[in-house]
Each structure stands twice: as structure tokens, then as C-alpha cells.
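Read from first to last, the chains carry the letters A, B, C and D; within each, the first residue is number 1.
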């Protein structure tokens, strides 16, 4: 009985989080502005205008994939976490606050990437946001696993340690991309692309397959 | 059978409410406007422009945390409320109407906080909205618990009374912040921050732990 | 087994519909525009500007309550409908297309209600949209109940007939408000308010109480 | 136990996808802009302005129905797919990235359909987006059914083959509408309408009726 209530808790935390993830990811498209007909005279010029939106497309894809990976990870930790307490819910809200903020630095990136004078700051703000997101995500995970606080009784401890190490690399990697922004913005963005690609590699304990089958 | 239908009712009320909470909380970021490149010449100026957006960041964090706490509370009362009738659903829709409205006073706050001539009214409108939200939330709770109308049969009556007292303090506290807006807007905003912090304190019956384990 | 799959179908139709309802209802607030500081010099002028937004508040409340009632009704028919087939899903998508469109006539109403030259058309478009929504809703209900196509085996036939009569009154009532728009816009809007109030009256078979307990 | 975890996986993938579908479909209305009162002097002119928005209405209906059908299809494949692994989740995120992008080409279509110089490109971009969406959708389905990777044990193999054939026609059909855009934009749009109508035809294995009852 008590167990079923706890599970129900996690269910609603997951549902609310899914909602925020789904909305934040879908709002990204609103930042891609259709060129006005006044600014374009014929098809050729519209083509040029659409090409000129490449920083918006780049920002859209980068942030979409990043939020998508964050969602997939958030999804997968609930294989191990079966209960939610007040503080877990609050750390989760803080994490979602950071995720929901991402459309703003994405729009900033899209607007200032073509501007030599603003692009360093835009990429730095974008990377800094991801450092904070990664820290909040680690806080969520650490709070749940510390002293097995909210872990499922049958959670594979080795898998948990592997995930902890993996997640700890997040803030460090995004920190590097933050530092690189002041050296070369394209190198910094390349790190973001690389991090997304790395997350796609299989891990020892895949989220789709429970660890102790 | 009847019981399972009632539970299913509450489930869909919770799901719909979660949707509205999740969307209202995520729409807040749309109010933070990216500075236009025309208005900024180089990185330094962009930095100044981004700093100048502090009222938007403040409004975003304040409203996000407030909606987050409202969601967590709304979430936790369904440990006690297991059935929904027509009027409960309608009071809940009214409550959601107020929650959904919050992005408007938040944008008003962000726009007028730096304006000496408008900030009193902006903070007063923001506080007044929260008074109404808190009243609607109390109406929802009171309707459900009055005469045990929609309470779970096994709900802890002491816990219910504690929650009732706690919630009753909401409209009064926000009323104080409303009054303070006409004396000193920063004191009024400080009350909002303080109220958020107070909600984070543990209560006797935490939502994560059923009261009669 | 087959039965549980059917139920699961309805669950996802309900979940998707809830999502669309929740988003359409929450997007309404985006149509209320914060007055620009340039247009207002001091607190008094801001107060006047905020008062001048009354058509936006009116549109927000009217459309929010209308969508809220539509959602509550949509919610309650799934006490009787337990299965979904392809055509039911498609009629439901058409119904949602109309619901999602409502923010546009609401914004039109808010913009043109103070304009003597445009208000008749704005109120007529608003009412016409609700006629179409009510027709789509009736189509959804009629498709499900005709020949007991998708009704639950234990559905109370008397309750179903009562609901059918009630729903049939929707397009007619909104049709009257459409006609009234060309005579007097305020009388037309009063009908909208009256219809919302009428929906709040108890019906013989309340959605919270199954009909054959 | 393992089975129930797999089912739960699919549940959250479906819930997240439903969220993205619901938001993308509801955001479409934001692209229909209310004409400003300054541009219209009296009711007659507003009527003309509202008539002039026909490309926005067309784009809204076309994209709404398209996303609605995509959702219904996505919904129906989970009758056959009962498990989700890491790569399935990632292909699904990519598919959702394309779905979420649709409001942009829809707005482009609405803006440039009346412009002789831009309409070819606008319709081509719109069709190209649907080619990519259809390819991503096929990738999702093929990944799941190849070698019965994620199929339910009791899935009807004949039904699966029928669906595979049906889905494979999607990218080809949208490819034809892409090619037609350069010949005649109205013929290209007619193909879109026709494809929507074709999807409404009954298939041998309807989603509402499991294949082996």
C-alpha cells in the first residue's frame, strides 16, 4: 500500500517533468522567425533569407537534441528511483527551471552567432546554462542515490556507480565548452555536438534492459 | 468498481492540471526577450543588455518557483482527495485559470520594475494575482475536506487539519505583500521570496510519506 | 485482454485531448499584451493602460471557462465511452482542431471589441467558432452512441439520452448568440456568459457519480 | 516483472510523444495573426482582412490534420511495439524534432503562398519537411520490426507487413508533392490534401481492433 503510493508519486513527478520537457522542446521552433515578404523580392532572395537563418536551425537542432537526451536520461533514472520525497520534488523543479530556460540562450545563440561582437558572449551564456543544467541533474541523482535514499531495493549497485561516474562528467565537459567559448566559439559548439554524440554510445546498463534480468 | 472510477476521475483531473501547470511554467521563458543586435554594437554592450534583463530573470525565477510549489502542493493534496465531483472539477478549472494568468503579471513585473512610475502598480498586480490564486487553492481544498466530502476514507484527520491551517496562511501572507507594495516594492518582493523559502521547510506530514504508515 | 486494449486506446485519446485542451487554454494568456513603458509615463497612466485591456481579460475568462467546460464534458463522456475506433479518433482530432483554433477568435474579440466598426464581425466570428466546436462535439458523441457503437456495456441508456438532448442544445444556443451579434454584440456576449452559467447547473447524472451505483 | 518494466518504458515514450504532438499541433494557431485595427477602418475592411488570411487558415488545417494523422499512426503502432530500447527512444526523439519543426514551414507557407515570387520555395520547403518526417517515421517503424526487435510476441505478422508497405508509400508520395511544387504549387498542395484523405480510408487491420481477436 505504502509502496504503491510512493510509485504513484514518482509517476506524477515523471508526468509533470515530461510535460515541461515536451513543452520546452516544442517552444524552440517559435524562435525561428519567418523572413518578412517586404525584405525579399523574389524566390532567389527568399532562398538567401532562409539560408541566412542557419544559426536558428543550428540552435534548434542542438537544443532539441540536448533536451531530448536530458529527457531520455531523466526517463532512465526512474528505473532505479522508485520513490519521491519533498526535497527530490523540489530539486526536480529546480532542474526543470533550468531546462525551461534553455529557449532563451538558444534564441540568443541564433541571434548573435553571425555577429562577431556578440557571438563569444552568446556561446558562453549557452554553455553556462548547460553547466547549470548538468549540475542540477547531478544534484537530483546524487540526492536520490546517497545512502540509497530513494533507490529501488533491487537496484543494481554497480550500474548506479557507473551512472554516477557518467553523469559527473557532464558539468566538467560543459565547463570545458564554456572555457572554449572565449578561445573559439566554433570549437565550443563542436564540444556540444560531440557530447550529444557521446551520449548516444551504448552504456553498460542500457535503460531499455533492466540490469538484473 | 465505483471506487476505481472515482480514482480514474482524480487521475484525469490531476493529468489535466499537470498539463496546465507544466505549460504555464514553461511559457514564462517567452517573456524574456533577446536584445536586438541593432541595439548592441559589441560584446560589452550585449553584456550590459543581458544584465539589464535582470527584472525578467527575477520574474522568471519567482514565478517558476511559485508555480512549482503550487504544483507540489496540488500534487500532495491528492494523497487525501480520492474522488472528484462536478464542482470540485469546476473549482479546479477556476484555480487553473488563475495559475495560467500568472505569465501576464510576471511580464508586467519584468517590464515595470525598473520604472519608478510603474513599479508600485506592477508589484501590486503581481501580489494581487497571488492572493487570488491562494484563495482559489483554499476553496479547492476546503470544498474537498468540508464534511469529508471527497476525502479518502483512511485520510489522517490531524494531517488534514494541519494542512488546512497552513493553506489558510497563504492568502493572508500574499495580502501582506500586496499591502507592502504601496509602501516599498522591494519589501513586498522580499515577502514573496520568504514565502517560497517557508514552503520549503518540512511539514509534519510530508507529501512523500503517507501519514499513517 | 481485448477489453484492456480498448480501454488503453481510450486512455491515449483522453491523454492527447487533455494535452491539447491544456495547451489551448494556457496559450490564451499570450494574447494579453503588457503595455509598453513608452506609452505610459507614470503609475496613473499604467493603471489606465491596464484598465484599457478589459477586452483581453474578458476574452481570456470567457474562452478559458468555455474550454474548461468543454474539457469537463469531454472528460465526463468517457464514463460512457470505453472504446475508440479509427473514425472516433479522427472526429476527435477534428474537434480538437476547432478547440485549438479558439485563441485566434479570442484575440480578434480582444482587439476589436472596443472598435465600433469591427466589433460586430469579431463577436460573430467568435460565436461562429463556438457553433462549429459544438457541432464537432455533438458529432463525436453521436458517432459513439449511435447503435451503441462505442458505449460501455453497462452504460445507463436514460443518462445517455439526457446527455444527447443537452448537447444538442449547444449548437442551437451558440447559433442564437451568432445571430444576436448582428443585432447587439453585448447581448450576444451575455448569451455566452449565460451558457457557461447553465453548464454549471447540476444534471441528472453527474459525471462524478456513475449512474448505476 | 521485466515485461512490466518494458511496458512502462513504452508508456513514457508514448506520453512524451503525445505531449510533443499536442503542443506542436496547438502552437499552429499562434501563426495566425490578428489584423491590426490601424490597418482596418470599418467592419467591411476587417472582413477583407480576415479573408486575406486564407493562407494561414489553409496552413493551419493542413498541418493540423497532418500532425493529427501522424499522431493517430504513432498511436496505432504501439499495438505492435511493446518495448523501447535506447535507439528506439533516440529515433523517436529525431522524429519528434521533425514534427516540432512543422510550425515553421507552415508559417512560411502562410506568408508566401500569396507571393508569386516565393510560393514555389515555400511549398517545396513544406513538402521537403514532410518527406523528412515520413522518413523518420519509417525509420522508427523499421527499427522496431526488423528481426522482430521490439514487436509484441503476439503481433500479427501479416498486419505488420501491410503497415510496412503502407508507411513506405509516405516518403514517395511526399516526394512527388515536393517535385510538383516546382511545376505547380496548387497541384503540390492538392497531393497533400489527397494524402490526408487516403489516410482516412480503413486499413485491413484497424488500430481500434486488435488483429487476432
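The rule is short, and it goes like this: a residue touches a chain if its C-beta (ideal position, glycine included) is under 8 Å from a C-beta of that chain, and two chains touch if they have at least 3 such contacts.
Please read all numbers here as calculations on a predicted model, not as lab measurements.
Using mean Cα coordinates as chain centres, the one most removed from chain C is A. For the two copies, chain B and chain C, the CA superposition rotation is 90 degrees, given to the nearest 5. Shared residue numbers account for under half of those found at the interface formed by chain C and chain D, and the copies are therefore classed as meeting with different residues. Between chain A and chain B, the centres computed from C-alpha atoms are 25 Å apart.
A separation of 35 Å divides the Cα centre of chain A from that of chain C. The multi-chain contact residues of chain A, meaning those touching 2 or more other chains, are 15, 19, 22-23, 27, 30.
Those residues of chain D whose C-beta lies close enough to touch chain C in the complex are 14-15, 18-19, 21-23, 25-30, 32, 34, 36-37, 40-43, 45-47, 50, 60-61, 64-65, 68-69, 71-72, 75, 79, 200, 202, 206-210, 213.
Note for the complex: chain D touches chain A at residues 2, 5-6, 9, 12-13, 15-16, 19-20, 22-24, 27, 30, 83-86, 88-90, 93, 96-97, 100-101, 103-104, 107-108, 111-112, 115, 117-118, 120-122, 125.
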